[in-house]
Amino acid sequence: MNWFLRFFTSSIGRKLIMSLTGLFLIVFLVIHLIGNLQLLNDDNGLSFNTYAYFMTTNGLIKTVSYGLYLFILLHAFQGILIAKVNKSSRKNRYVSNQGQVANWESRNMAILGILIFAFLLMHMGDFWLKMKMGQLDMVKYDGYDHPVKDLYGRVSIAFNQLWIVAIYVIGQIALYLHLKHGFASAFQTLGWNHPKYTPLIKSVGLVYAILIPLGFALIPLYIYFVK
Amino acid sequence: MKLTLQIWRQNGPQDKGKIENYQVDATEEMSFLEMLDVLNQQLIEEKKDPVAFDHDCREGICGACSMVINGRPHGPQKATTTCQLHMRHFKDGDTIVIEPFRANAFPVVKDLVVDRSAFDRIIQSGGYISVNTGQAPDGNDIPIEKGISATAFDAAACIGCGACVAACPNASAMLFTSAKVSHLALLPQGAVEGERRAQSMVAQMDKEGFGFCSNTGACEIECPKEISISNIARLNRQYLKSSIASSEINE
Amino acid sequence: MKKLDPKVPEGRLADKWTDYKGTMNLVAPNNKRNIEVIVVGTGLAGASAAATLGELGYKVKVFTFHDSPRRAHSIAAQGGINAAKNYQNDGDSIYRLFYDTIKGGDYRSREANVHRLAEVSANIIDQCVAQGVPFAREYGGLLANRSFGGVQVSRTFYARGQTGQQLLIGAYQALSRQVATGQVELHTRHEMLDLVLEEGKARGIITRNLVTGEIERHAAHCVVLGTGGYGNVFYLSTNAMGCNVTAAWRAVKKGALMANPCYTQIHPTCIPVSGSYQSKLTLMSESLRNDGRVWVPKKKSDVEAIRNGSLKAKDIAEEDRDYYLERRYPAFGNLVPRDVASRAAKQACDSGHGVNKTGLAVFLDFASAIQRYGKSEAFKHGITDPDQETILKYGEQVVEQKYGNLFEMYEKITGDDPYKTPMKIYPAVHYTMGGLWVDYNLETNVPGLFAIGECNFSDHGANRLGASALMQGLADGYFVLPYTIGQFLSHEIRVPKLKNDSPAFLEAEKAVVERIDGIFAVNGNKSVESFHRELGLIMWEYCGMSRNAEGLKKAQKLIQDLRAEFHRDVFIPGDKNEYNPELEKALRVADFMELGEVMVLDALNREESAGGHFREEYQTAEGEAMRNDEDFTHVAAWEWNEESGPIRHVEELQFENVELKVRSYK
């Protein structure tokens, strides 16, 4: 086995995969949120739809997005495999369960991950798939030389249904918990731990874990309740 | 005080094992193990099999005692081994659940006694500095910064009891392994073979069947010697560095 | 009675070891490969010896009854390790360490051995630093020292309050390295139950696998015992629960001699016994006596009030307190050596001044230290006229810095806060200077059987100085035995690999099985523990801190009766072919009872007071120990003899380099 394989099949190597893909997804979430906040603009979907058009047609973005899909899958499958190993490392469970000292979310990252993944499938089926292959209405905006797909319209329809809004909010709660542990944990796995900057990582992680899911959750809530 | 003890009884590694109930009279001044001594004396007088548990120094340093008390390795007190836990922390009428450390890598020998030789094998795989007796230069030839030496000591304070594994939701041995890697890597004498050590100790740890570290921090909370998870980060760093930028060119 | 030959080499004291090393027989590397050595015990001595012998190329088999070599009780040593490095430039030297050790041992140790110990002490520190032992350091990065045990130089190296742990881990790591190379074969949870002799030479051991109960035969060219001391004969001691004499005692039963078994060190600062369930005693570091003042109330009425809880220690007026160490020993005060401090505490309690319910405790008070430090610290902060609150605040801070971890441990165990109320302490058995008799080569009178560390009768004479046990264990294991073992093994190179199925092995195995079956067959009603407790009480009462002929004779009888009762009424639950701690204990306690008898006999025969052995008949008018150099400047080594009873042999001690003086701390 050469060093590369050995490294990425070792416990620490596999955790590093989780850490690096996790950090990539953390960066992606920021960009994704900034883009999606266009939905809140009161411009009949102009900024959002043109943004969506840009994202689906730009060559560079397209390349990066393939990386993104790969990382999501890698993060998910590696995570599940690790959880399986972890679960089977203690075949005989404790009788007493009153002694759990670690945070709930840190012990249930896999469950949270599965929830998020399920949410993601629904989310992508709803919008991404329709954007890529499905039949969406076309709109033409002034100043643009060609019509674009009206994803904004599709989103508005979806977020006017209460159950979809509810699922989105639940999905974001799961994401919050996942990030609450995952953000700082990614740095610990990378080996970044020092009394001087670790408190900062933890604080930034908490702020991030609150703000990002909150931002995502605001969109359906805003559309449902305000628009 | 009168106590109800729910103790895991398991006659050997193949036995399935089960919880059994016992009543015992204890006093506040007793240590937890002395309370178990009283129970065992009682059982022997009734010609029954006493509860087996590992213990030796009874002053919190040998790392032999190993039970999980009400779901917590070494019981509820912070920075305290089972032998240093005293009954004044319990109340009359309490029910106490006592189990062995549980992990596949720590098979039960009997009752509360487990086999922790996996830890020895991890140390054997590289947890040392390769120096033969008589080869050493003068003790003061290599000055070591006081702070560095203190950090190395904090890691070296590990007593190898295995509470970290018992506490970890994944039964991971990262705190134990990283404490040894850190202790030695921080000192100039040990840094020399730091890369090899990190590689071989992690490989052995993986082989023993411990789970992966998911940074829950439970180990740090339960460690009777308060070993920090910053050691785990240090091991991660060492391992990463030795994997991708190893000074050994072979391979 | 035979005269024992210590085989001390000729020459000047300071040159003996160097010259001897330079001329002793060596075993060539190609022969080492074929020579097997058994090491029993993995404490400082055993682990360091096994590792070093492995490095040298011998094939080593090492045994411990623990689940891991790292659990050995060397791990619990707190204070430090002495070495004549003179890093502090305060006039220390090999000779001074040698002299202090001889004097501290009350002139009952062998000059040449002690000098060698002092010589190699410096190498130990170097070796341990190279292994990664995190000794305390100064800001400049160099090693720190402290003064310990009342000596006049700072020669003690330390690693916080866990020096023993760090040194043991160093040795354990060195051992682990050899295990990984295959040079050393490690057997954990194996207890040695007999020694096997062939043609008079030690050639192997019989062990019990403590997990499966299997009896095993292990053969080798020689056997090394590093199995520690026998303090647990007193049941309550600062030793770990598992510490036992069985390995050494089985050697005695095969012809080895037990030397000076009556020399027992009683440590003055331990947490007192709190009840009959008590399983062990916890040591509080000797360093506490640097700042703590020992006292008891003068008035019996105050003692009563303290015991029934109606009066608190701090409410007793200064003039009603008896600071008895300061009163009796004005020159050394609270810092008198361990044996003196312990005896004084016993005398205070015997006269009815003990301050807890059992009447067996004295106060160790930090109030004046807190006041003193508080005032000077307040002054440093610019407060020239501090109030009581400020003084206490600063004073407690200083005391916490110095003894914080000890105070915490005390509070954990007793539930009392020693910052607010004085600690209660009482002496407890701590270390045994006696052990298997060995010559200069650390070889017992049985050829091929070596004893190292606390297991041998060692270099401490009748009393051991603080921070010297770790030094001796590592000296023996790293730097002495690996050389001297060659003196024996160089004659064994033609001996082919030893077989473990010779008649001698089979016979020894059979005897062990019979011993185990016999103990099960008793099937009586009393637990092993209860016998052990009784034995401990007898030993403590009659062969503890002070002894007299009448008591010792009584003890002899009591022990014999107890032994008989043991073999009539002991009950062992469970089965021999399984993990059975009660069986392990039973075998150990049976040996302790025989040892106890020899200890009493030795104490009875040593008609003088020396170090840890205090005979009430031999004291000055002021109650101080009185040696009898004319008749007892010798080592008494006991041979076990079932028919005639134990036989006393003697090794005369020659003092050519130091003058025998009376130890005075007045």
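When the chains are written out, they are named A, B and C in that same order, and each has its own residue count from 1.
The rule we apply is simple: contacts are C-beta pairs under 8 Å (C-beta built on N, C-alpha and C of every residue); 3 or more make two chains touch, one makes a residue touch a chain.
These numbers were taken from a predicted model, which means no experiment stands behind them.
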Most centrally placed chain - per-chain CA mean versus overall CA mean: B
Most heavily contacting chain pair (counted by C-beta pairs in contact): B-C
Farthest-lying chain, centroid of Cα atoms versus that of chain C: A
Inter-centroid spacing, chain C versus chain A (mean Cα positions, whole Å): 63
Chain centre separation (chain B, chain C; CA means) in Å: 27
Centroid distance [mean C-alpha coordinates] between chain B and chain A, Å: 37
Chain B-facing residues of chain C, complex: 48, 51-52, 55, 66-73, 75-76, 85, 87, 123, 125-132, 134-143, 159-160, 162, 164-166, 169, 172-174, 176-177, 179-180, 186, 188, 211, 238, 240-242, 274-275, 277-280, 282-283, 409, 412-415, 478-479, 482, 525, 527, 529-530, 571, 573-574, 578-579, 581-582
Residues of chain A defined as touching chain B within the complex: 2-3, 6-7, 10-16, 82, 85-103, 106-107, 109, 181, 184-185, 188-195, 198
Touching residues on chain B, where the partner in the complex is chain C: 11-12, 27-31, 33-34, 37-38, 40-41, 43-45, 47-50, 52, 54-64, 77, 80, 84, 86, 88, 109-110, 113, 115-117, 119-120, 123-140, 142-146, 149-150, 152-153, 156-157, 159-160, 183-184, 187, 189-190
Sites on chain B touched by chain A in the complex: 6, 8, 17, 19, 68, 70-72, 97, 99, 102-105, 167, 169-172, 174, 202-203, 205-206, 209-218, 221-222, 229-230, 232-240, 243-244, 246, 251
